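Heads up, the next two complexes both have subunit A, just with different partners, subunit B and then subunit C.
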Partner chain A sequence: MELPDQSEFFKTIIYLFVTYYKIILYGLGVTILLSVVGTVGGFVLALGLTQQRVIHIDKKRDTKFVRIFKQVFKTLGDWYVTLLRGTPMIVQAMIIYYGIATLDIFPWWSPLPAGLIIVTLNTTAYISEVLRGGLQAVPIGQMEASRSLGLTYNKAMRKVVWPQAIKNSLPGIGNEFVVNLKDTAVLSVISVTDLFYAVTQSASATYRTIEAFVIAAIIYLIITYISSKFVNYLQKRVGTAKVVKV
Partner chain B sequence: MSLLSVQNVSKSYDDTPILKNVSLDINKGEVITIIGQSGSGKTTLLRCLNLLAEPDSGHIYFLYDDLTDSTTDINKMRQQMGMVFQSFNLFSNLSVIENCMLALTEVLKMDKKQAEERAVKYLTKVGMQNFIHKSPHTLSGGQQQRVAIARALCMEPQLMLFDEPTSALDPLLVDEVLNVIKDLAKEGMTMVIVTHEMSFAYEISNRIILMDEGEIVEEGSPEQIFKTSQNPKTRNFIGNFLKKQIKL
Partner chain C sequence: MKKILSVLVLIVTGITISACTNSQNTLVVGLEAAYAPFNWATQTPNEHTVRIEGQVGYVDGYDVVVAQHIADELNMKLVIKVFKWEGLITALQSKLIDVIIAGMSPTAERAKTVNFSDVYYRSEQVMVLLKTSTFNEATSLADFSGAKVVAQLGTLQDDLADQILNVNHLTPLESYGAITQSVKSGEADAFVAELPVAQSITATNSDLMYIQFSEGNGFVVTDEQVSVSIALRKSDTDLLESINTVLAGISEEQRNEWMSAALSRQN
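Let's turn to the complex of A and B:
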């Protein structure tokens, strides 16, 4: 197939897709991988981080050492979230990727694993805020009732408060996944071969920039649309989607 | 020695004194109701008994332990002291029977089958045996409160605390909860009940405690508080209450 004339917009799109579909689909796979790993990994790490940030300091029963220990980790947790949410991911990617590459400590350090780590660290901060909101929405009476039965703070959190907080947070976490599908495009700055990077390649090989990025837009739209629908479906299943009719 | 002894307990929130030097003894088998206006410190006193509210000063002795001592294991103590809340506080992520079983398996380390048997026993006692797999939010307020009572009873506590157990209920649902509490009283359960249900307090109590502005104004038998009290504050409170009764 020949590269169509400049004036043939749709034909060019079809040409680009047919010619470069392998690299584009590979890029799509990388984008989805980054979003899934980032959101799942970020969720798991955010659970620990958020628990640290909201931990209960018992002024009377905790020893001085325990109080200081808890306070230090609480503060560090808050700083982490402020830092990661307060700087663009593209900047974080540059610092982390080239920083560790310069230190030369990990022989496996390359764009894809670096990208996976960066998106995970970034998502952790955002999901931690979502979870904190989810925790605040659990009525205080749930903790009081647990404690009144003799459950320890940790048991009460694990068995009663966290399950409810996670359920409250599902819409926010789903939203984070959809955001990740789009925002991982910035990782092409460290040459992660995601969808954006793949399309950039096909554009620079053919000088048909607009057509190439229209393909990117369509694919991004399709995957975000499908995942939004899927997230909505999940919310209905677990009952967090409350429809307010006015 | 009494089952629970409160000695000179004070508590303030942000410099506002809520409890002022309150002392109180509770003997085994007694049913004590605490009455008084909103803001008089009734609920705070009750919450101090199981340390959901931490007293600023004073001591609380329960089964020979000083609860206000920081080395006392409060979780162990709370196993012996059930609490029922105004807003039920059933665990909304768990079913009715799981609500009752949670502390049995997690705190008392019972195996699942034993815990289930005990949960069914107490749910039957409060008349909720047909709802064991329901989710709390599908139940009426009265039903939720009965489950909450069963959940506390499952621990087979020495003492039950009730914090305005019927205040959040539809008037038609109040009786089903009060009847459960009356049955417990007949069986000799030691109870401390904060309530605004005066006729219930009159009927069920061995002793009524009237609180005002963080202090115990008067304590005595229902007869004494409702009929023969010479204390002007008591007479004023009871008088106001009697005036509000609708005469048909």
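Let's turn to the complex of A and C:
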């Protein structure tokens, strides 16, 4: 296929897609990988982080040492969330990627694994807030009833409170996935070949920039539309759950 | 959950292992894949293209031909990795790549951090603008007085823009894609570029033209500024020597021939 003339906007779009579809679809794959790993990994880490942040400090039963220990982790957890939510991911990416690259401690350090780690760390903070909201939405009576039935605090959290909190949080976590699909575009700043950077490359031989990015816009729209539909479906299934806006 | 986790672990290890490809007999070259005709990305391989490490596409261009030639002469296996322009020197320092062959000018500032080989291409600096622009009759830099001029972030061209009298020097942009668009949309009147880059951009964008300046009417540049060199780590002095030997064996005609061939392959 010949490169269409300057004036042929739509033909150029088709030309660029046909000529570069492998690179573009690879970029799409990386974007989806980043979002899936970021959201799943972020969810797992956020479970631990949130538990630290909401931990119950028992003034009567806990020894002084345990109280201090719990308080320190609680504060550190809050700081983590404040720091990661209070700075743009593009800034975090620059500091973490180039910082560790310059230290030269991991031989495997390269853009994609770095990107996966950065998006996971970032998503952890956001999902932790979602989960905290989900926990608060569980009526206090659930905990009281569990305790009066003889469950320990840990067991009551694990078997009664957390399952409900996670159910409450599912739509919020789904939203986080949709946000990640779009926001991982900033990771191109550290040379991760996601959809955004793949499209930049596709325009590199012809310098037909707008046409190439129309392709990117269409693909982003399709994947976010499909995943938002899925999140809505999840929301309906969960029924009464309160949706936490992030 | 366990299954998902183990799949994730597999993916991450896979990436990790594939990322460790540095060995003695490979020459790992870093470039941008967004600076035609020096280097650009394509998905259809030809006799000049090289696969991009850890990605599906290929790179083509003058830099790739030079890199292949050097690797062949030194009996090394060529591996090409793509990095953003701003990340190239950091990637070199953190040993993610061995050399940068990316149309980079050996400026004194960069030479503080990296070593540069002898010149592997020499060109001139031109202005690119819309054919319909009010500056389309310009013959000297002085004719661009008052123009809105843009260039790529962190490049020689961005510094040169200040030599234009009364210039309205716009915030530099990240890639030539963005720069081209900024001139096409009228955001900027013109941009500064190296001649082969300008030729390549105007060949695919028929509404653009470029202006070359005669001796004394153009930018004041030192010889090193209009040349491009290969960047290496300060410690790799042996490799530098071998590369210089190879470069010395490439004649001026050969270089020009490679460049015009690259220009014609572009579309």
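The criterion applied here is as follows: the second predicted complex is superposed on the first by the 238 of 246 C-alpha atoms of A that agree within 3 Å, B and C clash if a C-alpha of one lies under 4 Å from a C-alpha of the other, contacts with A are read in each partner's own complex, and residues count from 1 in each chain.
Please note the rule applied: a residue touches a chain if its C-beta (ideal position, glycine included) is under 8 Å from a C-beta of that chain, and two chains touch if they have at least 3 such contacts.
Keep in mind that this is a model prediction, so the values were computed, not measured.
> With everything superposed onto subunit A, say whether subunit B and subunit C fit together or clash.
By the criteria stated at the top, subunit C and subunit B fit after superposition, with no clash.
> More residues of subunit A are touched by which chain, subunit B or subunit C?
In the superposed model, C touches more residues of subunit A.
> State whether A:W108 touches subunit B only (first), subunit C only (second), both chains, or neither.
In the superposition, A:W108 contacts subunit C only.
> In the overlaid three-chain picture, which partner chain does A:A145 touch, first (subunit B) or second (subunit C), both, or neither?
Only subunit B is touched by A:A145; subunit C is not.
> Taking the superposition on A as described, I'd like to know which of subunit B and subunit C A:P163 touches: first, second, both or neither.
Touch partner of A:P163: subunit B, not subunit C.
> Tell me the angle subtended at the Cα centre of subunit A by the Cα centres of subunit B and subunit C, rounded to the nearest 10 °.
The three centres form an angle at subunit A of 170 degrees.
> Check whether A:K74 is in contact with subunit B, with subunit C, with both or with neither, and answer first, second, both or neither.
In the superposition, A:K74 contacts neither subunit B nor subunit C.
> Taking the superposition as given, tell me the minimum C-alpha spacing from subunit B to subunit C, whole angstrom.
20
> Quick one: which bits of subunit C touch subunit A in the complex? Just the residue numbers, please.
Those residues of subunit C that touch subunit A are 4-5, 8, 11-12, 15-17, 19-20, 22, 33-36, 40-44, 54-57, 60, 82-84, 87, 90-91, 93-96, 175-178, 180-181, 200-201, 204-207, 266-267.
> Looking at the complex, which residues from subunit B come into contact with subunit A?
50, 52, 54, 70, 74-76, 78-79, 81-83, 85, 87-94, 102-103, 106-107, 148, 151-152, 155
> Using the touch definition up top, name the residues of subunit A that touch subunit C in the complex.
Those in contact with subunit C are residues 2-3, 5-6, 19-23, 26, 33, 37, 40-41, 44, 98, 101-102, 104, 107-113, 116, 188-191, 193, 197, 200-210, 212.
> Subunit B touches which residues of subunit A in the complex?
Touch list, subunit A to subunit B: 60-61, 139, 141-142, 144-152, 155, 159-160, 163-164, 167.
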